[in-house]
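Next, two complexes with chain A in common: one pairs it with chain B, the other with chain C.
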Partner chain A sequence: MEILGGLTILNTFTLAELEVGEHFLWKIGNYTVHGQVFLVSWIVIGVLLIASLAATRNIQTVPGGIQNFMEYALEFIRDLTRNQLGEKEYRPWVPFVGTLFLFIFVSNWGGALIPWKLIKLPSGELAAPTNDINTTVALALLTSLAYFYAGFRKKGLGYFKKYIEPTPILLPIAILEDFTKPLSLSFRLFGNILADELVVAVLVLLVPLFIPLPVMALGLFTSAIQALVFATLAGAYIHEALEGHGE
Partner chain B sequence: MDINSASVIAAALAIGLAAIGPGIGQGNASGQAVAGIARQPEAEGKIRGTLLLTLAFMESLTIYGLVVALVLLFANPFV
Partner chain C sequence: MFDFDATMPLMAVQFLLLTVLLNAVFYKPLTKALDERDAYIRNNKATAKDSIAKAESIVKEYEAQIAAARKESQSIVEKAQAEAREITAQKIAEAQQAVQTQKEQAAQEIQQQKETALATLEQQVDSLSRQILEKILGPELVK
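And now, the complex of A and B:
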């Protein structure tokens, strides 16, 4: 049981402490925040900003280089949103769904591709921001807010009619759905990214050379798919709020 | 059985049992996708995209089991 005693670093169960290992803690006022998540998030945001600025600074009629690449990314996001929300409604939601997709995608790949281990922190280590439950819960709650906002803006208070349609008997389940949606969204992303990093870490511990490479490639693939899944589901939930239940 | 050994066994069961259902589901989905591609090879791209998305959904069920297992091992509320 000594091994397990060593593993149980965090013994209190709150949503914010569902992580493995140590953190680089910052004190801001009365709050303790996980500094390593902030640092990598800022880098991710910086990368996205620089890429967008570089692509739009000198726009050509015939795109080339980074402009070409970013136009491809934009078209991909637009198609994804249009597939979920339909031709009529999709345009206002492209920025939201696109931001979710790009942030999660760049976070996941940044966490896997950049050799963070070279940078030493006083405690904890730099990794993908999405392997912290706080990040994924924040993103999932934003999605919840977005689909409530979409529903209210389209239908006003009539939005609540979807809870008692087709029959009021399903009211508890309809309410429960609003809680399970962000829960499953956040746990799916968090679990996948954490599992990837743990599997790679364990394999590197066992065989440091070459053997972990296929698993790393698989990890890159799954993280890309998870970003796609998150964005797709966000679009699907917004669509559901706009359309009403069972139409 | 003390709470530590119970937690280890529970963690193993959580991930093991959570792998059964999605395993069957993913096998079914992949088999049907292969059958679909064999019948209609020109639709391969579309089928593959949909298949990957659905596989990710099924996989997330196992991941929920994994999250529970990790909580039991690293952030056990009962120890």
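And now, the complex of A and C:
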């Protein structure tokens, strides 16, 4: 009985708690926005902009320090885009695909590495912007728009031919694809990041010290992979729109 | 969990803004830097290749010159040797001829002296034989 009593005492200390679906709401006119998402996304954007500015403030032929690091990042992004889009088409799409990768990556790692719990909000909690469905859907819809734009700019209305190109029988599936692509993109990212944060939160709730560390490391790995997957798939979709079925 | 609101369009706009900003401060300048470095390296490589080709052609030229010089020197040496051989042969022939003439002269002289000696000897034979006779037989008997 005394052990159980001890357990209840332990439970009165809330080292961590679960909050899902609570938001720090801001009102703009008739609309509400999730303030915590924007606060963290601004930090992410700030980090990216400051790193970029620091890297490009004084560009040298022989790179060093931050310039070297950012050049490494840029080469990684360029390789990623080139692998998906091919040597001929990839250049104009580097900023879009690259920003997708950088934004998601820095968001995920920022959410996992920065102890947001230390900052108290009136409601909700600060976390990675990518664990909010609004963010991931926004990014996924932008990806859809991007590949439609790419297709139309390359082929004009001939872009629609790809829906009936091998055979018109597949038309429903081809149309369905345009819906499943953003859906899968957004839910994959959202689910992975939210699940990772929930698993860590639950483990921290159960065993506050050391035990969650491997899961946190795994979370970092997953976060990086998800950023890579999102950017790669965005590149693949744009490539598909540019190439069409015929080729 | 799935509560959509104005966050979504605002986030999309914000993301596009970030793309534009990063394009201006990150992608464009660094891509330019990378391309410039590529061009620089390519240029240097091309120049280096040119220099190597030039050096190789110079080496080839020098080698050709060296070969020509060697051939020339060899021909000079051969010519000199041939000349020397000719000169020695000539000298030897001359010397042999001179020796021959001297020999012939000497033989002639010897013959001549022999003849004169024999002539004088013949002349003296009578008087000598008379003297011998006188000595052996006495002067009275000889007359």
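Simple rule for what comes next: the second predicted complex is superposed on the first by the 226 of 247 C-alpha atoms of A that agree within 3 Å, B and C clash if a C-alpha of one lies under 4 Å from a C-alpha of the other, contacts with A are read in each partner's own complex, and residues count from 1 in each chain.
What we mean here is this: a residue touches a chain if its C-beta (ideal position, glycine included) is under 8 Å from a C-beta of that chain, and two chains touch if they have at least 3 such contacts.
All of these numbers come straight from a predicted model, not from anything done at the bench.
Chemist: Looking at A:L228, would you say it contacts chain B, chain C, both, or neither? Reply first, second, both or neither.
Modeler: Touch partner of A:L228: chain B, not chain C.
Chemist: In the superposed arrangement, which partner chain does A:L141 touch: chain B (first), chain C (second), both, or neither?
Modeler: Touch partner of A:L141: chain C, not chain B.
Chemist: I want to verify the contact counts: of chain B and chain C, which reaches more residues of chain A?
Modeler: C
Chemist: Where does A:F38 make contact in the superposed view: on chain B (first), on chain C (second), on both, or on neither?
Modeler: Second partner only, chain C.
Chemist: Just checking: does A:T180 make contact with chain B only, chain C only, both, or neither of them? Give me first, second, both or neither.
Modeler: In the superposition, A:T180 contacts neither chain B nor chain C.
Chemist: If I apply the document's touch criterion, which positions on chain A are contacted by chain B in one structure and by chain C in the other?
Modeler: Of chain A, residues 20-21, 194 contact chain B in one complex and chain C in the other.
Chemist: Going by the contact rule at the top, pick out the chain A residues touching chain B in the complex.
Modeler: Counting only chain A, the residues touching chain B are 1, 4-5, 7-13, 17-21, 184, 187-188, 190-192, 194-195, 222, 225-226, 228-229, 232.
Chemist: Residues of chain A touching chain C in their complex?
Modeler: So the residues of chain A touching chain C come out as 20-21, 23, 28, 31-34, 37-38, 41, 45, 48-49, 52-53, 55-56, 59, 61, 63, 67, 70-71, 74-75, 78, 94-96, 98-99, 102-103, 129, 132-135, 137-139, 141-142, 194.
Chemist: Which residues of chain B touch chain A once you look at their complex with the stated criterion?
Modeler: 2, 4-5, 7-8, 52-53, 56-57, 59-60, 63-64, 66-67, 70-71, 73-77, 79
Chemist: Using the touch definition from the top, list the residues of chain C that touch chain A in their complex.
Modeler: 1-12, 14-16, 18-19, 21-23, 25-27, 29-31, 33-34, 36-37, 40
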